[in-house]
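Report on the structure given below.
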Amino acid sequence: MSEIPLVSELRAKFGEGIIDVNLEAIDEWVEVTPGVLVEVCQYLKEAEGFRFDMCNSITVVDYLHTDPKKAAKVDWDPHLELVYHLSSIATKLTLVLKVKIPRWKNGVEGDLPGVPSVAGVWSTADWHEREAYDLSGVNFLGHPHLKRILCPDDWEGHPLRKDYEMPLEYHGIRGR
Amino acid sequence: MLLIGTVSVSWYLAVGAVLFVLGAVCMATKRNLLGVLMGVELVLNGANMNFIAFGSKVLRPEGSLGLDGQLIALFVIVLAAAEAAVALAIALNFYNNHNTVDVDRANELNG
Amino acid sequence: MADFVNYILNIEGSWFGYVVAALVAAVLILHVVAVGALLFIWMERKISGRIQDRLGPTRVGGKFGWLQTLADGIKLIAKEDVTPDLADKFLFKIAPYVGLAASYAAFIALPFADGVVGLHINTAVFFVLAVLGLEVFSVILAGYASGSKWSLFGAMREAAQVVSYEVPLGMCVVVPVMICGTMNLTTIANMQAGFLTNWLVFNDPFTFLTAIVYFTCATAGVNRAPFDLAEAESELVAGFHTEYSGLRWSLFFMAEYSSMFIVSALASILFFGGPHGPIPVTEILGFAGDSLGNPGMEAFSEETAKNDGFFAATQFGLILSRIIGVVNLLIKGCIGVTVMMWVRWSFPRLRIDQVMTMCLKYCVPLAAIGFLGATTWQALDLPTGTTLTGSHRYEYHELWTAGLKDKVLLDQDETADSSEAPIPHENDTQTEVNKVPLKTVPVSVLKGGER
Amino acid sequence: MDLIAVAWPYWHQFFFIIFAATAVGFGFGVLLSKNVVRMAFYLVLSLGSTAGLFFLAGAEFVGAMQLMIYVGGTLVLLIFGVMLTAQKDFINMDTHTQDWILATIVGGSLLMVLLFAAFGADDWSTPQDINDAQVEATKEATPLGLALTGIRVDKLGDSGDAVDDGKSGYLMPFIIVSIHLLVVLIGAAYMARTKKLSHATDDKSSRAKLMLFKMEHESEQLEEETYVVTHRGKSALNPLDPQNEN
Amino acid sequence: MATSKIDDPRVIEFDVRTDEMLINMGPQHPSTHGVLRLVLRTDGEVVSDVEPHLGYLHRCAEKIGENLTARQWIPYTDRMDYLAAMNMNLGWSLVIEKMLEYDLPERGRHLRVIISEMGRIASHLVAMGTYGLDLGSFTPFLYGFREREKILNLFEEACGARLTYSYLTPGGATADLPAGWTDKCRQFLAEFKEVVPELHTLLTTNSIFVSRTAGIGVMSAKMAIDYGCTGPVLRGSGVYHDLRFHGEERYTEMYEGYVFDVICADPETGKYPESNYEFHGDSLDYPEIPRQAILGDCWHRFYVRMLEVVQSVRLIEQAIEKYEATSGDWGKPIKLVQKLPAKEAYMETEAPRGQMGFYVVGNGDSIPWRVRARSSSFCNLSVTAPLCQGILLADIPAIVGSLDVVMGEIDR
C-alpha cells in the first residue's frame, strides 16, 4: 500500500489520523479521524504534486436502518459518514476523503455531532457545510455562520436523516 | 365685485404681499431647515411679483418700470437658484455634522 | 376660430366664441395626448415585435391588432386601484395627474403648423421645455409617496438624471433660437420653409451635431431607454411606478408617451423644418396662393366675411396647406418616437453613473462645442445649407414681414428703400435694432395665428 | 342668446383670480403643512401659479424662466435635499406654539402694512388703458436679451441716456451674476463635500478596494500555478496510475 | 497596504452622509432568475453587502431519491437544471453506469454527444438572452428563445417532451433518434450559424453592453477555484479546465475522437486561442476583446458562453457524422428495478452551468441508499456575496446574471 505516494505521505505525516485506505472501491477513498481532518485538508490543498484546490462536494450519508429486522442483518453500527470529494484543477487528480462520526453527540438524541469545519480551507465548503448541517444535521465546529440554507430558519429536524419524520404541520401548512 | 373692476397693479401687489408674508412667517415658524429655505423662496417670489407688476405694460402702459422690472425679476430668479444651491449645501453640511435638520439645534459656531 | 364661431352664431366679440375655441383646442390636444398614447403604445408593440422577429398584437380590432391598446386600457380602468399601506395617500394619488398635467400643458405652446397652436407665446421654446421639466415632480412624488424602497430609488435616479440633462438640453435649444433670433416656435418653423436644405439641421456642421446631442438629451429627459433608469425593470422592479396599478399606472404611460412626442415634435420644429416638408409641395402647387408671402394670415377673416361673404373669407388653399403642415409635423414627431423605440429595443440600459458621466463628460461639452461653433459660423457668415440650393432662408421671412413693412417704414425715415427691406436678425447690430425696433416682433404673431 | 352675445372684457380678471387663488392657497399650504415633502409639493404649485401671474402680466420670458429655473431646477434641488435628509423624525416637525403666536402677530401686521401700501397709492390702484401694440412688444424676449448685453431697446428715444455710450443696460450685473453663479457652483460643491471620508467609504467601499487589491496580487501568484495538463482526470489513489508507480 | 494603487472608478466617495438600508431583492424580482432572494445592504446606490437566501424551490430531490430506483429518479434530475435537463439526465446516467460498470455501445455514445451538446446550446442561449434582459435589452432574449425553440422542437421529436425530457437514461437512451432527425439537426445548425453573429452584434460588441459588463464582478482564478466555481464561470477567469477534456475517463471517452477547443483565455496574454475551426468564416467568430475587459469579469464569462456555443456546434457536426456511420444498438435503458451493488460512485460531468456531480450509494437493493447531487449553480452562486461588495445596485443583476444560476438546480 505504501507504493502510492499520497498514502505514504499522509501516513508519514498524520500516522494514526489515517484510519483506512480503500483501493477496492469504485472511487478509492481515504478515511481519516475528525481530529486531523482540517490538517489533512490543509495539507492536501498545498501538497506539491497533488494540490487539491477544489472541494467538489461534501456529502453526509446516514447509516441507520429504522427497521430493526434490517438493522440486525447489517454489519455496521449506526453512524454518519461524511464524504469529501476533492479534485485538483492544477493536477487534475481526484480524491475521496471520509470521516465517520456518531449519529448523535455522546449518544444523546437531538445533540448534533460535531466535525471541524473545512470552510477555512476551501471557501466553497462554507455553503456545502451549511447544506450538510441543514439537511443531515452535522454541527461543523468553527464554521463562520452555520445556519440553515435550503430549509427555512425555523424548520425542525434534518430531512436527510433516515429517521426523519415530516412534521404534521408547518405554519398552518399540512405536512403529511 | 372683483370681476367688474379691472385688475390694477394693486391686485398684483396684494398677491405679492400675501406671498411675502406667508414666506416670512414660514421662515419664522418652521423648525426644519428645508422648511425655512422654502419660506425664503416664497419671500423672493412675493418680491418678484412686485417687480413684474410694476414693470408690466399690460397693467400700467404709462409710467411702468418697463424692461427694468422684468430684468430685475430675472436676476432675482437666477440668484435665488444660486442661493438655494448654497443653502442646500449648508443644510446638508449641517445634517452631516449634527445629524438633524432642526434649526433650533443649530446653536454652535463650530460647524 | 373664435371669430369663425362668433360669425356663424352672429354674435360679435362674444365670450362664447372664445370658450368654444378653447374647448375645441383643449379636446384636440387631449386627443394628441390620449389617442397619441394609444397609438404609440400600439406602435411600440408592433415595432418591438418586428425588431424581435415576432408579430406583436394581431387579433384585437382586426388585422393588425389596432385596438389592442384600447382593450388594455379598458382592462386597466377595470383594475383595482391599490394604494399601499405605507404610502403617503394624498401624494400617491395625485402624482400621476401631475405628470399628465405637465406633459399636457406643454402642448399649449407647441405649434402644429403655422397658426395651429394653442397659444402664441413668444418664448414658446422655453415654455415647452419648462413645463415638460415639471414632469419630474410626478416621478419624484410617486417614488417618495409609494413608501417602497424601489420606488424611492427610481425617484432619486430620475431627479438626478433630469436635473443634469436639462443643462445640455437647454444649450442645444439655444442654437436654433440664436440662428433664428427668436424663441417663437412658429417663427423658427417658418424660417425653415422651402427645400430640405433650409432645415436648421443642415445649416452647418455644428447644428447637425447639436441636433444629435439634442435628441440624445431629450431621450434621457423623457426617461427612455437606454436612459430609463427610473423604471429599470431588471434592477428596480419597476422603479417609481412599482406600487401603481390600474388607471393611475396608465396615466404615467400616457404622460411618458406624450412627452416623447413633444420632444420629438420640438426636435422637428427646431431642427427638421417643423410643419414644412422636405419639398415645399403646397407652395409649388400654389395651394397656399400667396400665402407663402403671408401664411400667417387668418384662415378665416371676419372682415372679409362681412364684405365678400362666408366662402370668400374661408381660404381653403390656406386651410389645406395648414392641414398638410400638421400632417408633416405629426409624421416627423412619429418618426422621432419611432427612433426612440428603435433605440430602446436594441440597446441595453446604462448604469446610473454612466448616465451621469454621459451627461457631464460628453453631452455638455458637445452641446457647448455645438453652440460656440454655430455662433462662430453665424458670426463669420460662412455658407449655410440654405445657400446650397440658392433659396435663402430669410427670403420667406422677409416676405412675411412685408405686411408690417408699411408700418415699420412709417416709423422709420423715408430713406429705407422698399426693395431692400432690412432683414431682421441677420445682423443684430445696434444700429439695425435702432432702425427697426418693431421688426423684432414676429409677424406671424401679430398678423396670424389664433389669438 | 342675450347672455351668450355679451362681449366679455373680464378674461384678465378671471385668470388673475384663478392664479392668485392657487398661488396664495398653496402658499398657505406651505405654511400650514407639517410634512416637509408636502410643503415642497405645495411650493411647486404656488410658484407655478405665480408663473401664471407673470404670464398674465405680460412678462412671458420671466414666467417661462420662473418655470424652468425656479420650479424645474431649484425646487427639484430642494426636494432632493428633502429626500436626502428625510428621516422619519424630520419629515413631520411641529412648530412651537409661541412661535406661531409671535409669527402670526408680526406677519399679520406686516401684511396690513403691505396691503395698505399696495392699495394706498392711487397711481397703482387705478387701471389704465392698454395699448395692444406695446403689450405685444413687451412680450418679446429680444429686448430683454439685448438689455442684458447692454442695449436698451425701450429707451432709444431717451435723450442723454447712457445708452448712447453703451454703458447702460444690464451688462455689468449680468457679468457679475455669471461670476457669482460660478462661485456658487464651486462653493456649494466644496461645502457639501464632507471633510472626512464618510463612514460608507470608510469600511464598505474600501473593502471593495481591498478586494481588488487582493485580486491583483492573487493573479500574480496564479501564473506559477496554472499550467495546462492534457491528461485526463484520475483518482490520486489509483494504483494503476503510472504517475504513482515511480 | 497599497490601496491607493488601485484607482477603481466604481468606488464612489460619498459627498453626503446617508444611512444604510436593507432591501429585499427577490424572491419576486424580475432579475433574480426565478426565486433567488438577495438581501442587500445598500448605502444609496452602492451595495455594501449581499446575502443570498435560497430554498424557495427546495423539493427534497435527494430525499426522494432514497425512495426510488435509479431509473425512476431520472425525472427528478430533469427538474434540477430545467434549462439543460438533457445534461442532468446524462450526469445521472453516467454515474449509474459507472456503478454498474456498464459500457455504452458506440452509437449511443455519439447520440449522447449530439443530445448533450444540443442541450448546452439551448441552455447557453437562455443564459445569453436572460443576461441581455438583466441589462435591460429585451431583444436578444427573444432571439435566443427563437433558436432554443428549434432545439426544443428537435428534442420533442426525439423524446416527446420539450422541457423535462427524461431521454438519456442509465444504459443509453429511451429511444434511438427518429429517422430524418439528423438532417433536421443539420439544417438547424446551418440556421443557427447565422444567428451567433447577430447576438455578437447585439450584445458582445455593443458598447453599452461592454461598459455594463467589462471590469464588473472581477473574479480571480484563485477565487473562482476557492469558491468551487466551475464551467464557464471558471473558464471566464482564465482557468483551463473542462471536464470534457480533464474529467474522468468514463466521461472523457465519450468525446474520444472529437476535435474541439476548450474556450479559455490565456491568463498571461488575456487572449483566447485562435481556433482552427472556421465557424462563420469572418471576424465575427472571435469578436475583439474590449479594452476595458479584465479577465474574470462579467464580460469574459458571457464571452466564454458565446464561444462555447460555437464549439458545441462543431461537436454536433462531428457527432452527426459519426452517429450516421454507426448502426445497431444505441444503448437500451437498464431495467426499472435494476439492483445496485453495495458500492458508492461519484461522477462529475460538464453541464452547461458547470460541473454537475452525482453521488450514489448502493446497498444491494434497487433503491439507492443515498443520492446526492452536487450542483454547479449552487457553488457558482456562493461567490455572489464576496463578489457583490462595494458595487452599484445596477451591477447586481449584471453579476448574478453572468453567473447564470438556475434555482431549480440550487435548491434541488
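Residue numbering begins at 1 within each chain, and the chains themselves are lettered A, B, C, D and E in the order written.
In the analysis below, a contact is a pair of C-beta atoms (placed from the backbone, for glycine too) under 8 Å apart; a residue touches a chain by one contact, two chains touch by 3 or more.
Everything quoted here is computed from the prediction, not taken from an experiment.
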Checklist line | Number of steps on the shortest touching-chain route linking subunit A and subunit C | finding: 2
Notebook entry, point to check: Which chain pair shares more contacting C-beta pairs: C-D, or C-E?
Noted result: C-D
Item checked: Far-end chain from subunit D, centres as C-alpha averages -> A
Next item on the list: Starting from the Cα centroid of subunit E, hunt down the chain whose centroid lies farthest away.
Entry: B
Check: Cα centroid separation between subunit C and subunit E, in whole Å?
Finding: 50
Item checked: Approximate Å spacing (C-alpha centroids) for the pair subunit D, subunit E -> 50
Next item on the list: Quick one: report the Å distance separating subunit A from subunit D, using the average Cα coordinate of each chain.
Entry: 63
Check: Per the centroid of Cα atoms for each chain, what is the distance between subunit A and subunit E, given in Å?
Finding: 27
Next item on the list: Spell out, as numbers or ranges, the residues of subunit E touching 2 or more other chains.
Entry: 10, 12, 15-17, 44, 223, 239, 246, 248, 386
Notebook entry, point to check: For subunit D, what residues touch not just one other chain but two or more?
Noted result: 61, 65, 73, 75, 77, 80, 84, 137, 143, 153, 192, 194, 198, 225-226, 229, 232-234
Item checked: Contacts with two or more other chains, residues of subunit C listed in rising order -> 156
Item checked: Residue ranges of subunit D in contact with subunit B within the complex -> 10, 12-14, 16-17, 20, 23-24, 27-28, 30-31, 36, 39-40, 43, 46-47, 50, 53-54, 56-59, 61-62, 65-66, 69-70, 73-75, 77-78, 80-82, 84-85, 89-90, 93-96, 99-100, 102-104, 106-108, 110-111, 114-115, 117-119, 121, 123-131, 134-135, 137-138, 143-144, 147-148, 152-155, 170, 173, 177, 180-181, 184-185, 187-189, 191-192, 194, 198
Next item on the list: Write out the stretch or stretches of subunit A touching subunit E in their complex.
Entry: 25-27, 53-57, 59, 61-62, 83, 85, 87, 89, 92, 94, 96, 122-124, 126-128, 131, 135, 148-152, 159-160
Note to self: Which residues of subunit E touch subunit A once you look at their complex with the stated criterion?
What the structure shows: 54-55, 58, 60, 62-63, 98-99, 223, 225-228, 234, 239, 241, 246, 248, 343-346, 348, 355, 357, 359, 361, 369-370, 372, 374, 378-379, 382, 386, 411-412
Check: Can you list the residues on subunit E that touch subunit C in the complex?
Finding: 9-10, 12, 21, 23, 29-31, 44-45, 132-139, 142-143, 146, 202-203, 206, 208-209, 211-212, 392-397
Item checked: Residues of subunit C defined as touching subunit E within the complex -> 48, 51-54, 149-150, 153, 156-157, 225-226, 228-229, 232-237, 345-354
